[in-house]
Amino acid sequence: MNAVGIFKELGIEYEEMKVKGNKDPRYRAKVDPEKLEDIILKFKNNGFRHFVALSCVDWIKEGNMELIYHLFSYDNLEDVFLSIYLPRDQPKYKSLRHLFPQIETYEREIHEMFGVEFEGNDRLGEFILEDWEDMPPMRKDFDTEKYAKEKYGSVPLVEEGGEKE
Amino acid sequence: MEIWSAFGIFVLVPLIGALLSYLARKYAVYLGLIFALVPAIALYPFYGKEMSTVVNIGVKLNLAFDVTTWFFMLMLDTVALASMLFATSYVRKGEGGFSTLMLLGLAGANGVLMARDFLTLYIFWEMMSWSAYILVLRSSGEYARRYMLFAVLSAYLLIMGIGIYYYYTGSFLYSAASGIPLSGWAWILLFLILGFAVKMAVFPLHVWAPYAYRSEQPFVAFLSGGLSKLGTFGIFMAMYSIAGVAILQGFGTFRSISLFGYPFAVLGAFTAFIGTILAIFQDDLRKLLAYSSIGQLGYVMVGLGLGTPLAVGGALFHAFNHAFFKAILFLGAGAVIYRTGKYRISELGGLGYRMPFTFLFVLFAIFALAGIPITSGFISKWMLYEAAIEKKFVLIAPLMLIASVGAFLYCFRILYGVFLGQLDKEHENVKEAPAPMLAAMALLMLPLLIFAIFPGWILKWINEILTGANIGTLKYDTYAYYSSIGGADMLVFWITFMLLFMISMYLFTRKRKVTKVVDQYDNYLAGETPPYVQLHAAHNFYKPLRDTWAPLLRYSVDRAYEKFVKFFIEGFEEIKKMYTENPQDYAAYLGIAFLIFLLVGWWLL
Amino acid sequence: MTDWANILINAGLTALYLFLAICVGLLFMGIARKVTARIHNRVGPPIYQNFLDVGKLLAKKSNIKHNWIFDFAPLFALAGVLLALAYLPMGGYRLLSGDGDLILLLYILVIPALGFALGAGASANPNAGVGVMRALTLMLSYEMPFLLVLLSLMIYYNTASLTTLLEKQMHSVWAIDVLPISALAADIALQGMMMEKPFDIPIAPHEIASGPLVEFGGNYLGMLMLYSAGSIVVETSLFVDLFLGGGIVLNPAVYGILAYVVNYIVWFALIFVVWMIAIFINAVFPRFRIEQAFKFYWKWPTLIAALGLAQAYIMSVILGVSV
Amino acid sequence: MTPENPNPLPSIIPEKDWKKIQRMLSKRSLWMVHFCTGCGAMEMPPTMTSRYDMERFGIIPMATPRQADLLLVTGYVAVKTLKRIVRVYEQMQDPKYVIAFGSCPINGGIYWDSYNTIKRLDKYIPVDMYIAGCMPRPEAIMDAFLKLMKDIDEGRADGWLRYKKYYEKYKANQRRVFKRWDE
């Protein structure tokens, strides 16, 4: 059963994305957060067995965070992007790692880099960055240049020219 | 009169000690020490005395004392003394039973050594076996049951041999061995040697050792260091002083080796090989030492089997060394268990930094076991190899040589697994073993060092034993020892080693001032800095080797015995079904039985 | 008086031969790196590079030590290898091998290995523990064929002392002509004994960070480099003494000092050839895993060595050939 | 300062010459351990193999810092990696030298504004030689080796001395960026 059929069956309006040089069909759909789990389950049972990635986009002007669940089906080589929008100040969503085990790692990274809370995933916390106290660095309101200049620029040079032998 | 004092000191004194220590329960351990001290010290004036007597206590006991007895008593009493010294701090104060049984065992052992007729031998043999059985029983019933099974087997084998001997000679005296046909000798020697071989844990009869050696360590040091030498003494007496070389040669010779002794030599070589290979894979420290003990006694069996003066001399010397270095190893294991309560090698680690003296004693014992020339362990192994190569035995020599290389593997496993590597947080405040334990190990270390520098002294005693049993003589002098195909001079070795050690010491200590000591966590682990991770690489230490040996390791004599026992149990279950409690069946059985007897009776007439 | 003078001369000569052996060992390591480089089609370091390396290590300004057992490694290693060299006839001159035989030499070879293993174990680095485990497993594997080879020699020449072995080879033909099969097995075992690729499993830099050597640096590593130089000469010279007549061409009794010099040069050439065989194999082989090495050694080389032993046994016992 | 490695034969070798001999020896046999942090590690195989062959100068790769006296930092240095680099540097024995490859350790390179890479390696461990280039080719690396050997000979490459002299300052700088393991 191909992606268009599933979309029609679930009554979700979807949009096909034309990408130059990529003849496999790719569909994108905005989904209601509550119903996301059943939708993914539906796709999973109909050939979309490969969970490609979970990524997050920080729409600072609209004030929300977009989580994109990217699935792929080997049977008819189709890509599906299901995205949900969460409020930007305390983004919180339930963990879907029981559907695909690798979701846990993506959730840990998004939690560390964007600050999105995932209930049910007990391994959040320090993942890639060591002893990091500041705000999640990938958010758009985090100014890396100022941080770099302030943290590394301020380290003084050790006096030059220790006495020669 | 002399013999009475000898019998008194070596047999009666320990007996009285056993009685006293049983009564005075509180001071039992110290009493045990004093009563073990008396025979160990009284031994030295008795050197060189030949005497024999008949002691009549209801039954006539023929006793005698000669160099062989003296030599074996030197081993036994010193190891017993060390065990009792060790036990003063190992065994809890109120334990009356330990020293009583140990002294009983000592009395029995000394009695066996002095016995000159089979009846006395059997009485003291049983006394020693029973005291050992109860001592094993103190720690676990299951181990004791297995030990008892084989002790009883050895007793029955001895009785068979003694019975046939009595049938031919009409008396129990060793010296009455005349007029026995060759076939009679074959059976007598076979039963006696197998009976004594059980005590030495030779290959097919070794199954009890790994279990019995897991009881209390001071006793195990005496059991494996001392009592197993009784097996050696028994075989030596049976083959060379009761039967004598002439009778052994009577069985036909193969390159001047008696055909009767050769199969036992091959059996000993196999024991050495299999004991070593099994010892390499053990994780339990005591089982590892048990299998290594089986392996080392395999060497002694080879020496006794070959029968040339160099071989028997090597066997006696190796038994002497084994008594001491194995006792140190078991006492060392006892000290480790006393301090940490653990006996699995993978759970221990890094104790060498906390218990330096125990480590040094065990290290010296390991050098002796591996046969490094700094200790006398090398000389006995050298004699056994030269004996096998001299007579060009191409099956025994490789097995022995590869077994000694295998010995290095489990030697290092003990050293690395227990004493080196990373110290666990748990054992950080482990204290050194108490003084009596260290004194016991030091006492046992002395002979291994002295006879490495002056091998001539002990070779003189062994030479006297060999000439006594007219096996032949050894070529030796105070520092060197020779065989027909080679020789070695220990004086040159020691001087060169000391000089070269000083040279490397000078070259090495030049930078004493700039050396920084770092602790065990400042290790190169690819830059990683684990806060506290136990990285002791002793778990499953020889895994690649075990994987290649896996197909062969499936077969084990242990399981073969268990299958054998299960076969009988199921068989008897079947027979038990016969009793079905209803009279008709019994009537039917009677009828069938009557019919069978009728037929057999008719056929016979 | 002559007794004492004799001892002093011998001691002096022994010291000279030992010093020369260590220098030859370092030279051989340099030559090995040069030859391997040329096989890899590159220039390679100068031949005296290893002298500079040892000099640098001994001249390093600071040292790292773990505990008192850690010091065992350099002391036992160097003392043990010098002792082994002392008991090995080099260039016809018998050093101390008159006072000890092949079995004593076999066990002296163990002293440096065990001391080095103790030091490595005391460094509490798991890499070192795994490295020593591999070294001992490798030792068990290559000792099997090597012991059979030694047995075949002892049985055929009916002696365990190296000096008589050399004399017998001097008077008659080299041992390699009589027992070629054993010589082949010995050379394969030699590859494992010298830990040259494909058998440098215990000191594998990529897998276990150079195994037992992981915590040794500065002065310790300098001493251990002298040990490895010495052990190269010990192993190659052992093969030459056993099978190639120890390099004796002129009878020392007849020609005196000239014989010793000529014999030394011939001995040097022979151990150079043996070393080159090992290096050519080392330059082109990958590294075995320890199980493969154990299975390999207990299969083919043991079979070859057993054949050699059978040949020696048949010739000396059944045909009664006495040398 | 503990006296470094005393002169073994004071009577024969004068003090001044002994220091020169030490420098000559450490110049002619530089043993390196390289920390493949960024994209620089790829430049090492060509310098080791037949075309450039750094072994002619006695430079060979060693497995552990204990055996090495030259540390190569090849590429950008993240904060997490810096903690390991400092640990490996302190496990090496004096005299030890550091060569930093590429522009990232000099001024942060293309990661000049990144939040987790350090911008100048010199502030945290003493660097004896920088090689500019967004990954220098093997020729540049060989040239750097030769220059370092000349520096060692003339005593200019004294990074290890500076580390001992200003140890507290270096540790303070390091503590501002990561938590040291021995704290």
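Per-chain residue numbering starts at 1, and chain names A, B, C and D are given in the order in which the chains are listed.
Just so it is clear, contacts are C-beta pairs under 8 Å (C-beta built on N, C-alpha and C of every residue); 3 or more make two chains touch, one makes a residue touch a chain.
Worth saying up front: this structure is predicted, and the values here are computed from it rather than measured.
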| item | value |
| --- | --- |
| Greatest separation from subunit C - chain, by CA centre | A |
| Chain whose Cα mean lies nearest the overall Cα mean | C |
| Euclidean distance of C-alpha centroids - subunit A vs subunit C, Å | 62 |
| Centre-of-Cα separation between subunit B and subunit A, whole angstrom | 70 |
| Mean-CA-position distance for subunit C and subunit B (Å) | 36 |
| Junction residues of subunit B - those touching two or more other chains | 510-511, 514, 524, 526 |
| Where subunit C touches two or more other chains, by residue | 61-64, 209, 214-215, 218 |
| Pairwise touch network: line, ring, star, complete, or other | other |
| All touching chain pairs, where touch follows the definition stated at the start | A-D, B-C, B-D, C-D |
| Residue ranges of subunit D in contact with subunit B within the complex | 2-6, 8, 35, 64-66, 83-85, 87-88, 91, 181 |
| Subunit D-touching residues of subunit C, taken from the complex the two chains share | 33, 37, 40-46, 49, 52-53, 55-56, 59-64, 205-206, 209-210, 213-218, 221 |
| Complex interface listing, subunit A residues touching subunit D | 129-131, 134, 137, 142, 144-145, 147-148, 151-159, 162, 164-165 |
| Complex interface listing, subunit D residues touching subunit C | 2, 4-5, 21-22, 25-26, 28-29, 31, 49-51, 53, 55-58, 61-64, 66-67, 69, 91-95 |
| Subunit B residues touching subunit D - in the complex, by the definition given at the top | 510-511, 513-514, 522, 524, 526-529, 531 |
